[in-house]
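Just so it is clear, A, B, C and D label the chains in written order, and each chain counts residues from 1 on its own.
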Amino acid sequence: MDKVVSAAQAVSHIRSGDVLLIGGFLQWGTPETLLKALLERDVHDLTVVSNDTGTGETATICLMQQGMVSRIKSTYIGANSHSGQMLIEDPASVELIPQGTLAERIRAGGAGLGGALVEVGLGTVAAEGKPTLEIDGKTYLIERPLRGNVALIYATVCDKAGNCFMKGSTKNFNVIMPLSADIVLVEAESIVDVGELDSELIHVPGVLVDYVCQREDV
Amino acid sequence: MNAKEIIARRAALEPSDNNLINLGIGLPTMIANFVPADVEIVLQSENGILGVGPKPAPGEGDWHIYDAGGGLVTVKPGAMFFDSAYSFSLIRGGHVDITFLGALQVDEQGNLASWMVPGRRVTGMGGAMDLVVGAKRVVITMEHTQKGTPKLLAACTYPLTAVGVVDRIITELAVIDVTPKGFVVRELAEGVTFKDVCDVTDAPLIPDDQILKMRLAGVDNREDDRC
Amino acid sequence: MNAKEIIARRAALEPSDNNLINLGIGLPTMIANFVPADVEIVLQSENGILGVGPKPAPGEGDWHIYDAGGGLVTVKPGAMFFDSAYSFSLIRGGHVDITFLGALQVDEQGNLASWMVPGRRVTGMGGAMDLVVGAKRVVITMEHTQKGTPKLLAACTYPLTAVGVVDRIITELAVIDVTPKGFVVRELAEGVTFKDVCDVTDAPLIPDDQILKMRLAGVDNREDDRC
Amino acid sequence: MDKVVSAAQAVSHIRSGDVLLIGGFLQWGTPETLLKALLERDVHDLTVVSNDTGTGETATICLMQQGMVSRIKSTYIGANSHSGQMLIEDPASVELIPQGTLAERIRAGGAGLGGALVEVGLGTVAAEGKPTLEIDGKTYLIERPLRGNVALIYATVCDKAGNCFMKGSTKNFNVIMPLSADIVLVEAESIVDVGELDSELIHVPGVLVDYVCQREDV
């Protein structure tokens, strides 16, 4: 099954109002080609879920500058000035989440779990309004699962069936988000035939991936 | 030696052999440079590396291998890469022996404020809340005051990063532990008196039974180490 | 054609192209042999493989690569290996399109009893509870009776594997769906009447508006398919 | 740091009353050399946590036959007759757990989570006596974290610092248990120098591993 399409075809599955899970960490391992293709679409009211909404050099900020993004769920927005601006203008539009909790909420959403029980954030603003649970005398926050309509994922190598390898520290959220989105779009530096990728190096199985496109030079 | 180097050289004596260490952005990253040669440490970068090595030479490096500050790094032999869920399993699960990070305020209950100054631009907590709750030992490395304003307080006034998590604070003046009784001064830097530290601290300080002279990695510490 | 082969050939028509499928031990493993050539399926083995292939030739195979029944297997190009936590993330998270498994009893609420006969030796549920709760679609493949004793009941009497999870039951006699109204007979095997099925079923059966003749993979189904 | 010891030295860290996490799935990828060394120790009242307590051909059953094991937590014991016998003689000594729940409980124990919220087992004996939690109108079991005093782990290749590679389907519980035990013992088919194992093939980091021994032919 060949899942290879153009970046424009891949992002044609994104609709206004969608929650987008976007892989990457700061300026590295973000799906730049998919994001740039999305800039050409007439969609709005998107929610961006990502570690940091990228930096001034990555494309998520362009989506924001075009007014396509209404909400952010992220751990750190210090490198994206537009995210900071959104937080000032409309604090309710930005949810800041401890990094491990964001990872665990996304994992829970993809793994059929009812949520994650964490101590992280107790006694801080990150706990405000959240239910807690007492277990063996310890208090835990009940953190809700987080899923997306579409995941935008970077891969170093991807085969035509969607099996992905993420090199080095580009694994970050790129490896966990494909479990937690209805539609998964992958951009790969290198697209190979099925069987060329060593089974021991596959981080995301093709069964989770819907469309694959070639990453352009960035 | 400037304040930051004093702090980094003292902090470098904290790890034991084979410890897993996480270094926050900024001053803490200097610590790795001063760890004694006979102590092997494994550095974690929370974006997905165990076994971080030095920065690559300018113009070299592989952009697939970078640290949590976004800078390219090299990795040591035996390094491992992983995703964010595994990274924070290690962090929350108590597998990090020491996390070193800076702070805006620390109070005598061990409460930590490090991520948000009210009225200033908010950037988010990143992995800091997870690190200070999950690590076996939390060591704050920071200058003793913010341009003269005390950062060690009876009670933090800024929004907290976590409650009751700080074990030790290392400043250019002193090494101070958070104990059930409050702040205890363990070591004083060369030429610094207990009163000097009290003057720039906004909380009661308890002198240890035997305050030592602050030791520094890579500096001859053999002379009498009582203050 | 014996009962098991009829069941396996009918079940082989259930998957759609690119489906992720889990096959229980025993009869369900036969299904893979009959899936039409134009339908590509990916087989999961819950001990840690996506992309299970045929068994190796006798004396061949790598003991590091085996399935959940403990038998050595080969893998197809593009196969992936993973640990048990990831495996059950796929299973619980709804990523398995169909799980085929046998049953001791199924009732008209879709309750399933498949792991424990009271008074007999208990072996444990393995991954069955996870599979039937997590998979998008649960298809039971079993002989219609246990040596004449009905297995389709108004209410299970054995300890349950899960509540309200069964979508479809395929036996050598019929294809029966669990619906909000109860058991609906969709297809009847060659030469089997609706009354024949009722006689060996201990629950009300509802005939579908248009009961079809049971189709079988690899068998000419072109003749009139109404019963 | 060289962690290589003999199997006897490795298992000398096991004490009576310990909870042992034992990797492997049926007859494959179990730490046979460590288990056989443990047979020589005078310890008792052990709890065995493993997917299936092995088969008649693997060594966990020998521990049981020597009367060293008091309790079992497992998903399936149909291939180990002694486990079945324990269940008949003392039902309270055997806890049967759905396989995904066992994996998630062990993961929670190693990842600093308060437990796992699962729907699996609701309405069955697996839910008996367990607290539940309602989230968004759905009911979840609160499954407790599960940790061990010692983990006994199989690796295909392990370097002298304890970094492990598990080939093919030997990953199973071998990959997740090292996070959840105080002491981690690894037996490896092949022990190599640090740096010989490709960083992309390391499934368990050496920082989690205390002792490494050579696997004997089995």
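Following the convention adopted for this analysis, contacts are C-beta pairs under 8 Å (C-beta built on N, C-alpha and C of every residue); 3 or more make two chains touch, one makes a residue touch a chain.
Here the structure is a predicted model, which is why all the values come from computation and not from measurement.
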If a chain touches chain B and chain D alike, it appears here: A
Chain pair with the higher count of C-beta pairs in contact (A-C, A-B): A-B
For chain B paired with chain C, centre-to-centre distance based on mean C-alpha positions, whole Å: 56
Between chain D and chain A, distance of the C-alpha-averaged centres to the nearest whole Å: 33
Whole-Å gap between the CA centroids of chain A and chain C: 35
Multi-chain contact sites of chain B, meaning residues that touch two or more partners: 75, 81, 88, 91-92, 133-134
Touching two or more other chains - residues of chain A: 104, 107, 111-113, 118-119, 167-168, 199-200
Every chain pair in contact, whichever chains are involved: A-B, A-C, A-D, B-D, C-D
Residue numbers on chain D that touch chain C, as the complex places them: 25-29, 51-52, 55, 74-79, 84, 87-88, 96, 98-104, 106-107, 118-126, 156, 167-176, 203
List of chain C residues in touch with chain D within their complex: 45-49, 62-70, 81-85, 87-88, 91-92, 111, 116, 121-130, 133-134, 159-163
Chain A-touching residues of chain C, taken from the complex the two chains share: 17-18, 20, 40, 42, 50-51, 75, 77-81, 88-95, 133-134
Of all residues in chain D, those that touch chain A in their complex: 104, 108, 111-119, 133, 135-136, 138, 140, 142, 144, 167-168, 199-201
Chain D to chain B touching residues, read off their complex: 1, 107, 110-113, 159, 161, 163, 179-180, 194-195, 197, 199-200, 202, 205-208
